[in-house]
Amino acid sequence: MMDAMGIFDMVLALALPWLGWRLLASPDLFRAMVLFISLGLLMALTWVRLQAPDVALAEAAIGAGLTGALFLSALRRLERLSEAERRLAFAGKREEEDEIPPERHRRAKPVAYGLALLLLAVFVLLLAWSLAQTPAGGGLGPAVGEQLGQSGVRSEVTAVLLNFRGYDTLLEVMVLFLAALGVWSLTRVRLPLQDEEPGPVLATLVRLLAPLMIMVAGYLVWIGGSRAGGAFQGGAVLAAAGVLLLLANVTVVRQIPAALLRWGLALGPLLFLLTAVVCVAAGGNLLEYPPQRAGAWILLIESASAVSIGVTLAALYAGGRPPEPPAQDRGGEQGPGRDADADAGGRQ
Amino acid sequence: MNTLLFYDFSGLALLAIGLHGLIRSSHPLRKILAANLMTSGVFLIMISGARGTGQTMIDPVPHAMVLTGIVVSVSTTAVALVLVCLVQETTNRALLWQKRKREKWGRTDG
Amino acid sequence: MADAAFWAICLVVAPLFFAISSFVRGGLAHVFGPLAAWLNALAVLGLTVSFARSGPLRYAIGGWQLPLGINFRIDGLCVLMLAMTAVTGLAVSMYALGYFSLRIGSARQMSRHEQQRLFFWPLWLLLWAGLNGLYLSSDLFNIYVTLEITGLAAVSLTALSGKPAARLAALRYLLVSLLGSCSYLLGVALLYRCYGILDMAALSRLVSPGPLLWCGLALLTAGLLLKTALFPLHFWLPPAHANALAPVSAILSGLVVKASFYLLLRLWGEVFAQVLPPAAYVLLGALGCGAVLWGAAQALLQKRLKMLIAYSTVAQLGYLFIALPLIRLDPGPAARQAVVLLILSHACAKSAMFMAAGSIFLKAGHDRIADLAGIKEVLPVSSFAFVLAGVSLMGFPPSGGFVGKWLLLGVSLAGGQWWWGMMLVTGSLLAAGYVYRVASRLLVFKAPFFSRRQAIPPVMEWSAVLLAVLAMLLGLLAGSPLELLAAGNQVFSPAGLEVLR
Amino acid sequence: MGLLHNLGTVCILLGIPFFISGTIGLLRFPDIYTRLHALTKADNVGLGFVVLGLSLQADGWHTVARLLLIWLLVLIASSASCHLVARAALRKKIEPWSRP
């Protein structure tokens, strides 16, 4: 039995880089992205094999699912762009500089390329050798085990994530918030995301699944205290529901006021931050929860974070700040996205 | 043969392939894909190290770190993808690193 | 009750809180932003005072002691970096206040500038929080997260101008920073696998030479070098810094690159100083020399003011790396003091330069150096600020740059490695060359100058001047920062780490 | 182990060929519609057998209920996504394959 699992491990370990190679080598970007998603799913399987179920859940939902969706929507946006270009016959008028084919890059300086490749190979081999050489280090596993009783949760990963290293997670939630902020600062979203009508099947599917997904998200957050799951996994499922709603172009989603969305993005980070400060005010250190109620506090933070993570990831998928209501739009003035089009048009 | 070492090497291979792709690809989307591969490789090395410490207990700290890493990586990917779309919209250029004479001279924003 | 730890917490929590508030209540962003800047300055003041009283300390977040928890470590270097960020950041914030109100006031494309202001403040405050967190933290993985915050915020800020060139530069910047953080993360993973600990101070007691340590350290360093833009890896920096909005350029050039250099200084000057071979320091020093020469040469060739300043950043970063082998060489504190002085004075001078350049740009409508002659007639204060900052970059006597270079020169001569000193002098001459190119246009030539009618708000001009003056006077005031550094010196050197555990 | 356990194992083993044939169909069939057909049909039956087998081996009603829920969700998801993929293909004017 062990041997069978060993072979399975070996195949899995070989399949990952092979898929990676294939996806980067494939000339078709769409195929590359599909391969990327399947690579993500294989990664999730690997995490299960390596006894990291929390990571597996997050990888399947965020690493494969959501990142893949982001890639695909970006690709579609680019393709739509080039189609529009062709239609308007801009292509013929483009400047010569823009027309340098990728081959010129490929062929440039084969010696330097070979040398760099050699260097990379040497370094990777060196790394591999040193990884094989290293004696097993200490690790913090035992320390986590000792203190687990005081953390307020039974799941080790959640204890590390929300208590022992809660400060990391606080900053990480900020990174997510920052990403949404960055995307919003760049451009404004153009709804609907799909050109065509969603169709009855998708609409029904969304109506069926969305409530269920919200329930599952709640379950994942709840179960995170004792087993695999938690704010990120729950948030990712919420985000998936959001993406489905966006794709199905449900009216409710389009009509969410921008202010509410802002609050949705900010809720998790704000609550986390306030909790940290309250801990200081109560006489402890930053993020030092009162020992008896640590579990409840963690659950509170996780629930708020999950909501915000869900909203944030869905907003990232939408890919821009919500369009302002027409009443506030001043005539003749445009956001950066529209400016950009004007810019591109003005060049030829 | 230690199967964990397999995963280490697998992670390293992913890392190398990703690095190669990041530098060699010309299309920005492929570059971002490659960067994601690289981070996946790093995560694999981290997690397989968490079990390789010899104890029966699994070290949850790298797990938490990888969870953080996944979220960070999706955040950066999202921003990068929006930037790619915008750059494409404004400059019609598929090639990211291409030098352009006008860039030195063109107007900047104060 | 307000001890150093309290102020340290404020430094992280306050910018984060105001960043979120200024996002949620976008209409008040330009009120919250400057408010946060002043509060931050106040907190740094409090921190400095209480630090001078109590000396270095450690603060366990969440009450979890090492090895499990994350610790703040507050020592002299950390306080100085925080103070640098606070002072420069405050000046930039004041400048930005005037900058955006001016641009919103100048009717064309009003809503676009409003959008920029709306997002500038939360992004800048998040960046600030990231920087503060980075300087305070003692945990390698936590530093990775703060690096990501800093990087992502910096990229978004770069793209904020909305111009195609800025967006392209931002995308390159993002890809480079992705590669850099990936390399850094793998380095952290390898070190963790070796020693099972993430705290820098604790790590420095455990390290022993070994293949995995070398690999991990090489990866950490490579990642940070990419983010610091040391010479052959600097390609992304000039377009990003030159194409951003003026306050953003000041932030990027003055503060953001310092963060990753600070980390390198920690790692190479302190944590791994015992195990690293001298040859490695020489390699970094040599790359620094390359940066000084290449950056200065490129700066001399630039036609645009902002590009010139950006290349000057590449050159100035070279000095910091030249200081690394000298730190290794020097048994005393002189080289360390020198490098800290160089960091501080460059932050002030470079931010002042970019701010002055931004005012000039707005007034003239362009930044072609050749056509700037005579602008001192319409913008005397900003021209003065620019030249003063340039003089301080050159390393003219009372400036901080002068004292720093003087100390380094002394160390290199005393240690018998005169070539580093020679490189410093050459770099100064080259800097004098490119500053002169601009200064001669700005101050010497008199020509009829056609400018836009809009008046540059005094707050924009004076914030730049004050920073430039500060950079100039840093040499005279150097005593107190160096005392602070010395107060933390037992932490700065590895021998003192025992005290903390 | 009891009879139920063995029966479960048999069911799981029965499910495997369906998965394999579905996968072969996905790889070898000539066009997108036939591939979709192979994949969704065969895999659903395969999954049905696996879920049945695992339910027989399960140690409580909770597990059985969860397994059934999984089965139901996969059924919904696969049929809906099959439909969407086919619709998108039709939109793109991809002609169904016919024997040449």
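By letter and in written order, the chains are A, B, C and D; residue numbering begins at 1 in each of them.
Keep this in mind: a contact is a pair of C-beta atoms (placed from the backbone, for glycine too) under 8 Å apart; a residue touches a chain by one contact, two chains touch by 3 or more.
If you're wondering where the values come from, they're calculated on a predicted model, not measured in any experiment.
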Kindly list the shared contact partners of chain B and chain D, in label order. A
Of A-B and A-C, pair with higher C-beta contact tally: A-B
Quick one: chain A and chain D, Cα centre-to-centre, how many Å? 28
Gap in Å, rounded to a whole number, between the CA centres of chain D and chain C: 57
Approximately how many whole Å separate the CA-defined centres of chain A and chain B? 12
Which chain D residues sit where two or more other chains touch them? none
Scan chain B for residues touching two or more other chains and write them down. 15, 19, 32, 45, 52-53, 61, 65, 68, 72, 75-76, 79, 83-84, 86, 90-91, 97
Flagged in chain C as touching 2+ other chains are 141, 145, 148, 152, 155-156, 159, 162, 164, 167, 190, 192-193, 196
Chains as vertices, touching pairs as edges: which of line, ring, star, complete or other describes this one? other
Which of the chains are touching one another, listed as pairs? A-B, A-C, A-D, B-C
Could you list, by residue number, the parts of chain C that touch chain A in their complex? 6, 9, 13, 16-17, 20, 23-24, 26, 59-64, 67-70, 109-112, 115, 119, 122-123, 126, 129-130, 133, 141-142, 145-146, 148-149, 152-153, 155-156, 159-160, 162, 164, 167, 190, 192-197, 210-212, 214-215, 218
Residues on chain A engaged by chain B in the complex (per definition of touch): 6, 9-10, 12-14, 16-17, 20-21, 23-24, 29, 32-33, 36, 39-40, 43, 46-47, 50-52, 54-55, 58-59, 62-63, 66-67, 70-71, 74-75, 77-78, 81, 85, 90, 94, 97-98, 100, 102, 105-106, 116-117, 120-121, 124, 127-128, 131-132, 136-142, 144-145, 156-157, 159-161, 165, 168-169, 172, 175-176, 178-179, 182-183, 186-187, 232, 309, 313, 316-317, 319-320, 336-337, 340-341, 343-344
Contact set on chain D toward chain A in their complex: 73, 76, 80, 83-84, 87, 91
Seen from chain B, its contact residues with chain A in the complex are 3, 5-10, 12-21, 23-27, 29-30, 32-34, 36-37, 40, 43-45, 47-48, 50-55, 57-61, 63-68, 70-79, 81-86, 88-95, 97-98, 100-101
Partner chain C, residues of chain B touching it in the complex: 15, 19, 22, 28, 31-32, 35, 38-39, 42, 45-46, 49, 52-53, 61-62, 65, 68-69, 72, 75-76, 79-80, 83-84, 86-87, 90-91, 96-97, 103-110
